[in-house]
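All chains are identified by letter, namely A, B, C and D, in their written order; residue positions are counted from 1 within each chain.
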Amino acid sequence: MPIDSLYPKSFASDNHAGTHPDVLAAMARANEGDAPAYGGDRWTREFEDHIKDVFGGAAAGFPVLNGAGANMVGLAGTVGRFDSIICPETAHIATHETGAAERLLGSKLVTVPTEDGKLVPDDIRTRLPVAGVDFEPLPRVVSISQVTELGTCYTPDEIAALADVAHANGMLLHVDGARLANAAAFLKCPLREFTTDAGVDVLSFGGTKNGALAAEAVIVLRPSLTAAIPFLRRQSLQLASKTRFISVQLSTLLTDDLWSRNATHANAMSHRLADGVTDLPGLTIRYPVESNAVFAALPKEAISILQEQFTFHVWDESENVVRWMTAFDTTPEHVDDFIAAIRKVLSP
Amino acid sequence: MPIDSLYPKSFASDNHAGTHPDVLAAMARANEGDAPAYGGDRWTREFEDHIKDVFGGAAAGFPVLNGAGANMVGLAGTVGRFDSIICPETAHIATHETGAAERLLGSKLVTVPTEDGKLVPDDIRTRLPVAGVDFEPLPRVVSISQVTELGTCYTPDEIAALADVAHANGMLLHVDGARLANAAAFLKCPLREFTTDAGVDVLSFGGTKNGALAAEAVIVLRPSLTAAIPFLRRQSLQLASKTRFISVQLSTLLTDDLWSRNATHANAMSHRLADGVTDLPGLTIRYPVESNAVFAALPKEAISILQEQFTFHVWDESENVVRWMTAFDTTPEHVDDFIAAIRKVLSP
Amino acid sequence: MPIDSLYPKSFASDNHAGTHPDVLAAMARANEGDAPAYGGDRWTREFEDHIKDVFGGAAAGFPVLNGAGANMVGLAGTVGRFDSIICPETAHIATHETGAAERLLGSKLVTVPTEDGKLVPDDIRTRLPVAGVDFEPLPRVVSISQVTELGTCYTPDEIAALADVAHANGMLLHVDGARLANAAAFLKCPLREFTTDAGVDVLSFGGTKNGALAAEAVIVLRPSLTAAIPFLRRQSLQLASKTRFISVQLSTLLTDDLWSRNATHANAMSHRLADGVTDLPGLTIRYPVESNAVFAALPKEAISILQEQFTFHVWDESENVVRWMTAFDTTPEHVDDFIAAIRKVLSP
Amino acid sequence: MPIDSLYPKSFASDNHAGTHPDVLAAMARANEGDAPAYGGDRWTREFEDHIKDVFGGAAAGFPVLNGAGANMVGLAGTVGRFDSIICPETAHIATHETGAAERLLGSKLVTVPTEDGKLVPDDIRTRLPVAGVDFEPLPRVVSISQVTELGTCYTPDEIAALADVAHANGMLLHVDGARLANAAAFLKCPLREFTTDAGVDVLSFGGTKNGALAAEAVIVLRPSLTAAIPFLRRQSLQLASKTRFISVQLSTLLTDDLWSRNATHANAMSHRLADGVTDLPGLTIRYPVESNAVFAALPKEAISILQEQFTFHVWDESENVVRWMTAFDTTPEHVDDFIAAIRKVLSP
């Protein structure tokens, strides 16, 4: 992929974007004198307070280095030696982490086919532990992504329903929230409403796709799971020595609703994009546009022509589905240019 | 540990220091527009070129997120399912990574007692694989630290001798170089002389303790080991999505010898410190001061008094040994103030 | 399950049967005086010779303790740290080993839906490694079962075709042969023809379901994989101290074609059973009867009535499919009694 | 090792012996008709009852296939993802299981140097978890061997003292009892007195070295650990399909004190051997003879001459220490012949 092809703006991923200037500025401000390493610093205390403000007083936040790391540390706190994890077939943990779940956790992923990347309670009910069966691992955690990998969102009620089934059967609910901010922006509700209040047990909270440089967090909402996380984070290679620089990124996003402004803007850009092309013949929007991604099927030739000018990924070769993503720094002009190009290619 | 106790300057660890201003500035400059994620960017290409310049054309560099991560990714590329790792008892991988070697690699660490943190060839020779013995794991890698955890350095010849014994017996040599820069500064020789040229196979190259914010690298010097690293890095949770910001830190250190200037300065400060206290009654310097650490035994009461004013770790409670570390930003005034305080406490 | 319900003869599994009297007698004969432990004995030498006779001079046989053990030891010899295993959704390694593949190997199982438990070359071709993709584990081994878990058999040509695709793409072919003898009996060809000669790389060869007390073997057909097996066998808890008693079981089966006689008889009994019920209204044979298993769909009520008199498993609750298995010691009378009962229940 | 060299009787290991005739006879009797697989049979119920009789009503017994397997299954039930195991440097789990503890459990073994293979409470007290330290795994289990690998025994009080320290610090006590019977015979007390009553939490109970063909058991004495064992046993490849043949071996040993008679005899033979040579010049008995092993230092030349006639292992090459073991079927004549040979070699 030629570097120049990313300009004027990549629609390939929200992690093609850089860092929000406020985040960089805060990192520079945190570079004052010495600080205890490994999270013993005051920026990390501030981050922890932010997490309690946002997710409730029982929530405990742990800064980590990347999204797969947040997932593995959080899940490591929930699964034992013979436990399996129920997740959608499209889950990032199942498809994009080079088998870390199997290698690092040693856990079987019980992957569920879905229409839209979302589990429903029956997907759990039909995969419950069976008394007397010891030849299969014991289902112990349900892991969902909010936003899903297909750009869709669970409502708070949908998440609560999954949590209820999980808890009623001795299971926990984990959420991969690499784009949790985008979900809140779409749902127009506090982060807490579809996490803590919905019964989520442990959560990956993403900062990087929301404007951070490299900062994610494991948020533990079930206090009995908290004590293990410091060990698991370090053992899983997710503890920065100069943690202050991770914490301050997250705190900056959580200050004055920067996270929400970034996510709301990114979402608006994907809706603008979808709205601008939805009427085109030969183009079909594949999933409800509920965050900062648009999945569209269009003719293979059109894809090729567009990829000469713009950067984006083909999601499904066999069905000619592409994924277009927007970010906190995607401008209306970027989108309108892209729309114009698409219209030109697809219009008769 | 009260935050204020870190001021004016911590002598507890070189990772209590912040980020070198040139590194921060370069990170800000790298925040221009979009870039491919996961290392497909031009800053990572530049980093890779720097690595070839420094370690030779066959060297391949991979930016990672922290030191334990660099060690685990590099070692994962060398050990199979029933291989053990020979290392000093004091090795970071054996003592400070929460059992990551056992958990993530599944490998037994064969730990060797040493006087000064350094292995000698006979330590390997006496632990060679024994034909017909399948009840022990097969020794496959020798892992040393340069600088060692006791602040000492191997000479290029000493490393070459270890590499020779390892290679002659079907083993590989891994170096944990979290403080590799300090070793080069002490040895007054190019990094390459005691790595590539000495027969090292795979290397963790540390940036964070040398002035980076959070940036380390796995350097593969034996080309047959290279192809596995991208898989291992991602699976081991060590791949940043916005890798450009990791790569640019390392490139900045490798430009205009910033790494060397930082390390040379830090080393000079520890020597200044040692020189300033070595004559004191009741204080014994424990290991040769060969990098940016001073290990000293002194009376328990003196330690207590000093810890009220300065931040540093007790290394060995039972023998009242403390570790004093300097960093790229430790000033002569910091050191002299500390010396004065020590002298005051220990003088009759 | 009441013990008495197993009488007169269980149709639930071929491991409900006891031990063939010749095997027991040979075990008693091997109980003469002392012998070196861990396979250093003459009975194990004899076993190894048998394996070379049957599978070719390059084959190396290793006695192990159970079927899951044979699979895990053999597969451990083929997969590295970031490799995945392609197998049918019905594979024993995927469904009945409590997640051992994920826990002990750390490998992702890429499970393929099939009609009849058998992979075809396109199942591999559509899952080949993709250049540049490091976010998924690397497909490294194809694992099939011969006989499959649905009682079907691959022809030698079908296995050779899978081996060809695997090898052409840098992969290996593993066979779970817990019922390999039954396949040979069905195919009426030497064991070697659909293993060594078909390009199989490593094989689990089952004795227990064929009349042994507890004896399986890992057979390595690709010599470069052999050296690792002693380490892997012991580490995987599959080495008996008094190995002579495992080896002699396998040698007994391999002497005078006892293995073949046992398997041929068991297969004949399942065919007798299928033939005796295939015309019944309301009963459908689900898969081709190609070994010692009959899968049949029949009304739920009929299943309940039959289970009061006979022991067998319901394979698929949702479709009312049962599995009926025969063993080396199932007699025609056992089968005819069972047929009579089925006919009585299902006849109008 | 030439086979013939084992005759007339090996002194190399108690697993060079065959199977006690009563055990073989019972296995043949268990070969009557069908039985449920995987432990659903009546012989396994009998075994479970025997375990409750011997170890108390809260004890739960699980037949497994070998000693390393018993250790790994039992320990897997006690250690979590970041837990370490404290054990003597000589522990079988540390020295003879090809790194299974590290590979299968992922646990660090904290190995303690000892004089005689036995831990003392201070060995635990000096290795307790340290509050706030997350860079080391958390010590969670203490694992001792009874009989130790050096042939010594803990008294019931010594074990109780270890259990007390372990429990007081949130740890569990595991016992590798591959030769538990020999300890009971030496201590002249019931098995229960130094296991259940001493506070042991989980136990490997060995049958194979006591006259079984291949039969060990995991005995869980802390009921909260029981539910996990069926999953762990199967996942760890330690479940026999025809489990009745494992269970019946153990039940036979536990009937009419056969286990005790076998162990008492084996112990008597080692004492006879030690008594017969202890006065010899140049020969030193190394450890107290408290079971069926004699460790002796003698001149290298004497060892060579004796190994031409008798089978035994050199335990420590550097100090010319050999290990002589007796078994349930070692006769006084075997021992006296061996004594005569030793005397001949060593007498002036």
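One rule holds in what follows: a residue touches a chain if its C-beta (ideal position, glycine included) is under 8 Å from a C-beta of that chain, and two chains touch if they have at least 3 such contacts.
In this text, all values refer to a predicted model and were calculated from it rather than measured experimentally.
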Compare the contact pairs of B-C with each of A-C, A-D or B-D and report the one sharing over half of them by residue number. A-D
Per Cα centroids, the chain farthest from chain C: B
Measure off the straight-line distance from the CA centroid of chain A to the CA centroid of chain D, and report it in whole Å. 50
In whole angstrom, how far does the Cα centroid of chain A sit from the Cα centroid of chain C? 42
Rounded to the nearest Å, the gap separating the Cα centres of chain A and chain B is 33
Hunt down the residues of chain A that sit against at least two other chains at once, touch-wise. 81-82, 97-99, 103, 106, 134-135, 137, 231, 234-235
Hey, which residues of chain B end up touching chain C in the complex? 76, 80-82, 106, 134-135, 137-138, 228, 230-235
Inside the complex, what are the residues of chain C that reach chain A? 81-82, 84, 95-99, 102-104, 106-109, 134-137
Complex interface listing, chain D residues touching chain C: 1, 3, 6-7, 9-10, 12-13, 15-19, 21, 24, 27-28, 30-37, 40-42, 65-69, 72, 97-100, 103-104, 208-209, 213-214, 231, 234-242, 245-246, 311
